[in-house]
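Across the two complexes that follow, chain A remains constant while its partner is chain B and subsequently chain C.
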Partner chain A sequence: MTAVRASQAGGSLLLLAAAAMFPLVFTNAAVTNYGVYALIFVAAASAWNIFSGYSGYISLGHAVFFGSGAYLTGIATTDWHFTGSKVFLLLPLAGLLGAVLAVPFGLVALRVRRHTFVVITIAVFFIFQLMAYNLSVTGGTSGLLAPTVNYATATYNNPFYYAAFAIAVGTILLSWLVRRSRFGLQLRAIRDDEDRARGLGVHTMRVKLSAFVFSAIPVAMIGGVWWYYTTLVDPSSGFDPLFDVAIALMAFLGGLGTVAGPVLGALLIEPAYLYFQQQVSSGYIFLILYGALFLVVILLLPRGVIPTAGELLKKWRARQKNAGSPAGPGPPAGAVAAEVDRAREHA
Partner chain B sequence: MSNFLQAVTDGILGGAVYALMAAGLTLIFGVLDIINIAQGILVVLAAYLSYDLTVHLHLDPLLGLLITIPVMFVLGVIIQWAFIRRLRGRERTAMSLLVSYAVAVIIEGALYAKFGSTPVTITSSYMNKTIHIFGFYLPYIYLIGFGLAVVALAGIYLMLYRTKFGRSIRATTQDMVAARLIGINVNRVAAITFGIGVAVTAAGGMVFGTINVFNPDSGYDLISRLLSIVILGGLGSIGGALVAAMFMVTAEEIVNIWQPTWATAVYYAVLVIVLVVKPTGLFGKQEVRAQ
Partner chain C sequence: MSATLHTQGLAKAYGGVQALDGASIEVRPGSITGLIGPNGSGKTTLFNVITGYAKADAGEVFLDGRKITNLAPDRVFALGIGRTFQLTRIFPSLTVLENMLIAAQHKERSRNPFAAAGGAASRRHAMELLDFTGIASHAGELAQTLSYGQRKLLELSYVLVADPDIVLLDEPAGGVNPSLINHLAARIRDLNAAGKTFLIVEHNMDFVMGLCDPVTVLDYGSVIASGPPEAVRNDPRVLDAYLGVDDDETTESGSAAF
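Showing the complex of A and B:
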């Protein structure tokens, strides 16, 4: 088992190094552009997964934190006349705002479960979008423009890349720590059976709310990076319903509730999304393709890539081990799981 | 004061139309335990169908319903059969949200491709006239919409409580396993219920498209309102949807008198406040809390 651990750690380090070297190897701005957006979504999907993946509460309101982080960075930059790399210093402030917003939001929304929770998050999302349209500090429909940066053209994307990279790595680390902690166990107990978890002494509200706050912070920070990179936030781009669904889809594709799943999902979907958007001239055909891809992913890979691949690997190992023995390894894990699912459905 | 009364009247009449669209959503939830995010764009699709019939065939929108209702019903059955039926297991709820969202995105793309993003509205000779009674100005379409909503909701109610099929729907709502055990074809019930839930968008869409200017983007605003109504009324309760819709739209209309920019926020604010006090919604059952 330690060998597996070591190879996992080695693989992660290798990937990390590769990601860190990426803009030094590929200096083409069109390529690093993909990198920046991919990392933005790696961070956002991983952060979303810390709450929704582990606790089973599907939030479609994380764009609240994304947009608020973007707006806060924008407002502070304008008011304090920040320019150049100094703007990145505002990101912790954006994270703080995310945390501060997540407390009342969570206290209200986490009182209800399942569908009702989803709808409350959507409702709060629309309240924020409406505020962005109507408050005076947000610049209304025209939004907030970022100051022009005088980075060298050849390496223009790099500061944004490394800012997003730092936040993404921090989020993945946080996700990993939560996953293997007692706190993460409590979250997953809530996902499996909240009432029983409470019966066993889990302070469910406290645990859920903490996870909600943890997951809001990186999303708000990455929102700030996004604003500075795209140079504009307006109510429909900062508070975008597509953002909520996109990060959920990324986590689902990769594997809900796993550490690597949302990362993989974001790395697969976001570049594909950007590529299609550039290639398909008509935005409408693009929407249809995107929806169709979405359906294929959910209907064919309902459990995500990572869990499915893990299961296949386990089955393959079991078969290798039992290759000589006459007694079969018993029904494969997948069949048992399917049986349990079927029974649950009838129960 | 007259402003206020006009707002209340508009709220009640307009609320009935929203109730009609929301009734489909809540019916689908009650039986299938899924939220159909595509309901908003389906209303817009139905509005476009009515629009197309009036523009190209010069058909009266009310007569057009004879075509659009069966079309939407069949579409609903197809969506359920092709996509929703396949969802199984624990993550079903979350999956159904994503699947119906994907369906909504595809429909949105198709509508853009066919009709473009220029906003349109359904017009006909009599619908945009107003009548003046008891000091109120009422557009005919509000009265027609109210009438359609009453007829459709009464129809759904009678079907649920006075027919054998309605009984099997209610049985499935209460306990799917028991329903299957006593010989109800649960899959058929699910498909037809989804069809009915989508078919009501035909009437809702026609009225919506006459009152409002719409384009394929209108689905987002609609679905968020419909979801608020359904949750406020209590998921699965058709009467609750009616009360909640009238309450929400009236509140919006009243705020609209002196604060037009914030009127929409009332919707969501009311929802949040009510759920803080009563997490199951106005008429919801306790089950809503069980995860």
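Showing the complex of A and C:
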């Protein structure tokens, strides 16, 4: 078991190093562009998963935090005349806004469950989109333009890449911490049977709301990066229903409620999305494909790639073990003790 | 020693059905109190009202003289009243051990919610209890893989790991095979000897009469009899409630009803 854990840690470090080296190895701007967008969605899908994946409350309103983070960064940049890399200093402020918005949003939405919860998150989302259209501070339909940056053309994408990289790594770390903690266990108990968890002394509202806030912060921060990178936020791009569907799809495809699942989902879907967007001239066709992909995932891989693969691996190992032991169909000697050991070790 | 739990005149209606109608019961510290009654007599509703899963229309619940009526389930639990459900409610996608740890989390000393789930002490205690109920070999498996009887044992185990003073069991023997029922009764007796108070709803009369004292009988939402099992067994009102026969007929048929 410790060997497995060591190899997991080693693999994670290797991936981390590869991601950190990526823009140094692939210097083509068209390629690093894929990297920036992929990392934006790695962060967003992982953050979404911290709340929705672990608690089972499917939020389709996280674009509220994404758009608000983008707008806040835009407004502050304009008002305070920030330029260049200084704009990145505004990201913690965007995260703070996400947290502040998540409290009333959560207090309203988390009073209800399942479909009703989903509908309320969508309603709140549209309220924010409408506000963006109508408030003067958001620039109405024309939105907010970012100042031009004088980064060298060859490495123009790199600052954005590393900003997104830092937020993505922080989010994955947070997700991992939550997954193994008492807090995460409480969330997963809520996903299984909220009333029962309550009857065992879990303060469910406090737990759900905390998770909602934790998941809002990185989404708002990455919204700021996205605004600076794309140089424009308007109501339909900042508060985009497709964003909500995209991060949910990524988490579902990779594995809802796992740490690696949303990362894998984002890395698979976002580059494919960008590629097809460039290849297929009509955006509508790609949206139809996108919807079809969601259907296929829900129907064929409802638990996602990571849990399904884990199960297959476990079965394969069990078969290997059984084939090797002469004990026949019963559990091999010592298996029970090993099981107990493993349970004790289980994080 | 744990506290006295008693209810006074509890009433609860679901639509036109009066599930509880002035129910007053008492659970003395250190007792194994049985709660019986025909189907629909309000036993589970009484459990739900006591533990905060349903709101009483009228009446009060007291714990050691203190009013705890209509508190939320997490508050009632924090006061030391744990329960199981008639239709066993475990956390299917958590492992058996994680089920235990979720019940133990309120005792964790660390205030840091990001601390790893289940400290060493919690894990040890959880494994001891799983040993005690005989499902320790399944600790690492997902709870959804357990059989019906094992789920009952798991639910009992995780209620016990939380260490409530008073344990409410809703049909612990229902659908469980006979040898496991004896095992269960022995476990309850052991725990009671160690100072735990029990309130048990059960249809299996051998189980109740062999284990519980006193036994309280509910019918149409109110208490019709309460006392030692022998006395309740022969109470004409109880026989009437179960069989719906006249008083003079009951005296003849005697205790054959059970």
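As a working rule, the second predicted complex is superposed on the first by the 323 of 347 C-alpha atoms of A that agree within 3 Å, B and C clash if a C-alpha of one lies under 4 Å from a C-alpha of the other, contacts with A are read in each partner's own complex, and residues count from 1 in each chain.
Operating definition for what follows: a residue touches a chain if its C-beta (ideal position, glycine included) is under 8 Å from a C-beta of that chain, and two chains touch if they have at least 3 such contacts.
Just so it is clear, the structure is predicted and the values come from calculations on it, not from any experiment.
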Contacts of A:W316 with chain B and chain C, given as first, second, both or neither: neither
First, second, both or neither for A:I127, with chain B first and chain C second: first
Partner chain in contact with A:F286 - chain B first, chain C second, else both or neither: first
First, second, both or neither for A:E194, with chain B first and chain C second: first
Which superposed partner A:Y275 touches (first chain B, second chain C, both, neither): neither
Touch count on chain A, higher of chain B and chain C: B
First (chain B), second (chain C), both or neither touched by A:I58: first
Chain B versus chain C as contact partner of A:T204, first or second or both or neither: second
Which of chain B and chain C A:H115 touches, first, second, both or neither: first
Overlap of the chain B and chain C footprints on chain A, listed as residue numbers: 193, 195, 342, 344, 346-347
Contacting residues of chain B [partner chain A, same complex]: 29, 35, 83, 86-91, 93-95, 97-99, 101-106, 108-110, 112-113, 177, 180, 220, 224, 227-228, 230-231, 235, 261-262, 264-265, 267-269, 271-272, 275-276, 279-281, 288-291
Chain C-facing residues of chain A, complex: 177-178, 180-186, 188-189, 191-193, 195-204, 210, 336, 339-340, 342-344, 346-347
Parts of chain C lying in touch with chain A, wherever the complex brings them together: 51-53, 72-74, 76-78, 82-83, 85, 89-98, 101-103, 105-106, 108, 110, 113-118, 123, 127, 136-141, 158-159, 162
Touching residues on chain A, where the partner in the complex is chain B: 56, 58, 60, 108, 111-116, 118-120, 122-124, 126-127, 130-131, 133-134, 193-195, 241, 245, 248-249, 252, 256, 282-292, 294-295, 298-299, 302, 341-342, 344-347
